[in-house]
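Naming follows writing order (A, B, C, D, E and F), and every chain is counted from residue 1.
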């Protein structure tokens, strides 16, 4: 990036549309970081609504900020494979540190002085213990759940997606958001399991021929 | 869509990742509706921040809802070409009406009864006279501005993009958001105009050879 | 389009190569409007040959015109999703009306005066009660049949394709073209149903190893 | 292909949608053989109309057959690079011979006996001395002209497209179709040359800002 | 190609990255000639290592040259469909002859005089009776084996891939490389057959739910 | 990866065909790691030939191993953006360490015991001080040079490619390979600078019309 100011920031949003998640693994439907961020903001709004109706207080501005910005740093580092990030705790911390430094450098170089504090707050790691932080975590995992589900449903037998599905589902069930987890388990999962995954074309055809004859 | 419940809604988000804006016209960078919605939510947050700092009150929950949902209806009707929508006022109203009916049908069939009201409110046309409605309008136009700018910058001479750029820019300058328009005009546009659009490779090479010699 | 004259018309043909049918739904093989039009012209020629051999008279110029031009209007309005078109009879008529108006506008603006009448006749709705009109209808449905069949055969379980297959097949059987429908039912469908849809790799391998040993 | 009968023929049409012309060379807009065939059938219909109005007799059934079938043989041999075909007269004849043999084999194996003669006539080389044969030649070259023009216009500097443009244009001017060539030269070429090929974004922007101020 | 000298040669390498193998047939994973050549060089190095450890002498420079250059000629003729090449022995020889002539023409026109002999030797047909020639043959077939296996595994039921798999496997078992063939048969094939090819999502989900409950 | 043995290794080669270099930045021609590795093996063979002719001794087996394996580790970590790798020396070392550990883990888990030593030697960092190590470095940089040159030539004005071109060229001139650097500077660069980068279509057309008239 060599532009300056907010124009540089806006231009970088477009770059995130070009960064593909798990490049080379998805065989049926590719996902980019921009679209992923939008889906996370959608899931989070839905479950925040459930939590609010159950009596919890939601800071909607915070949830908005957290969800749409949570992967902005990928504009600097790309989509580093999860196994790499988790190879060692030391590396994970190191990568988080570099990410933070590159973000700060970007903010100090590109963002006008009087807005730097806002951007620093907005772009910092959002998955904290607040209910908004937990909703972000839940929504982010849910997208992994749906991404892997779509591949498996279409017939992709790559074990990586079985693993992604298992990991995402396991984590979703453990996130401390009682109302959301319950809803996901009782409503969403029931529909997921019930989805038909094969079509018998000959039977389909014969049925129509039969109907036509009658 | 044949799924039911919120699972159907979440699955439809994935469909929006597959709906391409202005199919077949963008030669350099394609855009899908999901990624576009995210960029709009980003622009809107930025200009809302400016407006808030200038003393205006922002309803962040409303802005969040408006921006991420503003193109959800395209899951039903696809990306109908703008000239079609604007061919006659009557058609425009008719299309808006059908869109509304399909949205209602979807909500009544797929969304659990106790959440239907929330979805009806959230999915209705967001470009109203409130400051959040105007910010949505501004952000939506700004993405058209950036989409056409990117094509022109890369050398696309399709007059449709010249027209899109002219229209978007003209409308941006007219939206009643004093602080945002001024900032856009003085800060963003200055950087846009200043962007270098050609590279002389021979000169670039000779310079490096010269440096190497010295 | 800002070109003028026949050059504008020829350039618009290229645009139809970029308009994707049912954008975002086909997971295995995308189809554009230009290629679809060609396949329709092929199917129509085949069934017209059958009908002619059975004693019917074919106006080949008319069939040629009808098949290659039947989706030209999509250059103006794109591929509007079928459920939208069928949402209400009123909307369907309105869209047909707008389409017609845009076509006329194009012809009056771009086509030289002495050719306008030819173009107006050539571009009007071709699915009339003539045998050529019925052959166009049959061929157009047959392509939907083949497009949905190909998706289902490759393992796509999206119910939209089951529905498209059912609808196309049902309509094909009802079109008043006795010879063509009979041939389709007795010859084509028999082969369609007989297609093998799964391969057992282990068995395939062991067979070859067995042959090698012998 | 392992299907049999007309189903095999219809399935092979879909294969032609997947065969890309000049694979790997077009940088802006790819073309497949199916879409190309459709464009050729469009150009041919237009110029046949001109020739007919000038007093020539057109056999429309023949023109229809010639244009939509002229590249069907590519389903067997793919899009062999032109320089290869023209490397030696002997090779060219040999390839034509193989193509013919594979076509015959396909027709004898897949097409029902009573239709084989029709298919043999329909699929044989169409670029003969008849007016329909010359119109096919003209339309086929015109598509090469437009394909190379589009690449050059978008800024592709690959000399192969300069050469393709030069060759196509030179040949177009020599085809014995007086009315068509004259029309192409006087009407089409004038518009081609007049097309604007660069856009000055800064000027465009300043103009709008100026208008806004006034 | 209109460049001259080694720059022309290096630029042509990039062209091979754009030439797709079996265009239009692979539904899951496309392969280009450059990547294929690399995989062949990898397989060959592995089996050459086995053969060397078994006491055979390997000329590594020759193996290196043979593997990376074996499909360079496709830059001139593209990926001509195998059935075409094998349609007649005469045509196969003719094509090989043209290929050779175009290669010579390229070398004499583009390669500096003192390097022409090196290039002529390096680019000639590499599948001779030497152990390096047989390893090239083995590695080239192995890539066909893996390419077809990947399609079949993902659920592609196109009979062409069944045929490609059968042919490749049958030939692999017959190549006179005792150590390599044995290793392939006993080690590789065992793993190939053992690969799981379907995933039961409902079972996977219930298992995780069960674990979560416990 | 869940396969075992050499089958796992061969399958991972296919994965490298799906890992795109600098994802989202190349606008004209994408490159994958497999094809890049092949081009590096080609450049290296050419310059090794020059060096050998100038009296240097080349270990061809070593060069073969180094070039085809130099980016294999990307199968584990993907294509991490260069600015990230260079953000701090500490991070660079940390990433190199993790890469090494993942490679070792892969070798110990997947590669048969008696081949592990061979793989460990083959997969270790190849850019050492040997002439083969320097040729690898030179060839790797040359591909960056050609990748950025191709983008700039096609009109991409992204400053990242200007920077990539400058950096690659500067480093190429400094690598201690006297013969290769001289050849690159005197022969390749001269041709690079001489490439024509714009085409005037109107002039091209008028010239042909003029020729036609004469």
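We adopt the following convention: contacts are C-beta pairs under 8 Å (C-beta built on N, C-alpha and C of every residue); 3 or more make two chains touch, one makes a residue touch a chain.
Computed from a predicted model, the values in this text were never measured in an experiment.
Visitor: Looking at the contacts, which chains touch chain A and chain F alike?
Guide: Looking at chain F and chain A together, the chains touching each of them are B, E.
Visitor: Measuring centre to centre with C-alpha atoms, which chain is farthest from chain D?
Guide: A
Visitor: Would you identify the chain whose Cα-based centre sits farthest away from the centre of chain E?
Guide: B
Visitor: I'd like to verify one number: the distance from the centre of chain B to the centre of chain C, where each centre is the average of its C-alpha atoms, in whole angstrom.
Guide: Chain centres of chain B and chain C, defined by C-alpha means, are spaced 32 Å apart.
Visitor: Between chain C and chain E, what is the gap in Å from one C-alpha centre to the other?
Guide: 38
Visitor: Residues of chain A touching 2+ other chains?
Guide: Counting only residues that touch two or more other chains, chain A contributes 17-18, 29, 153, 155, 159, 192, 195, 197.
Visitor: Line, ring, star, complete or other: which one describes how these chains touch?
Guide: other
Visitor: What is the complete set of touching chain pairs?
Guide: Chain-chain contacts present: A-B, A-C, A-E, A-F, B-C, B-D, B-F, C-D, C-E, D-E, D-F, E-F.
Visitor: Name, in rising order, each residue of chain E that touches chain F in their complex.
Guide: 3-11, 13-14, 17-18, 29, 31-32, 34-35, 37-39, 41-43, 45-46, 49, 60-61, 63-65, 68, 112, 115, 118, 142, 146, 150, 183, 187-188, 191-192, 195
Visitor: So in the complex, which bits of chain D are touching chain E?
Guide: 1-2, 15, 17-20, 23-25, 76-81, 83-84, 87-88, 90-91, 94-95, 97-98, 101-102, 159-160
Visitor: For a test of understanding, state which residues of chain D touch chain B in their complex under the given definition.
Guide: 28-29, 153-155, 195-199, 201-202, 204-206, 208-209, 211-212
Visitor: Looking at the complex, which residues from chain D come into contact with chain F?
Guide: By the definition above, chain D touches chain F via 27, 149, 152-153, 155-157, 159, 161-162, 165-166, 169-170, 173-174, 185, 189, 192-193, 195, 197.
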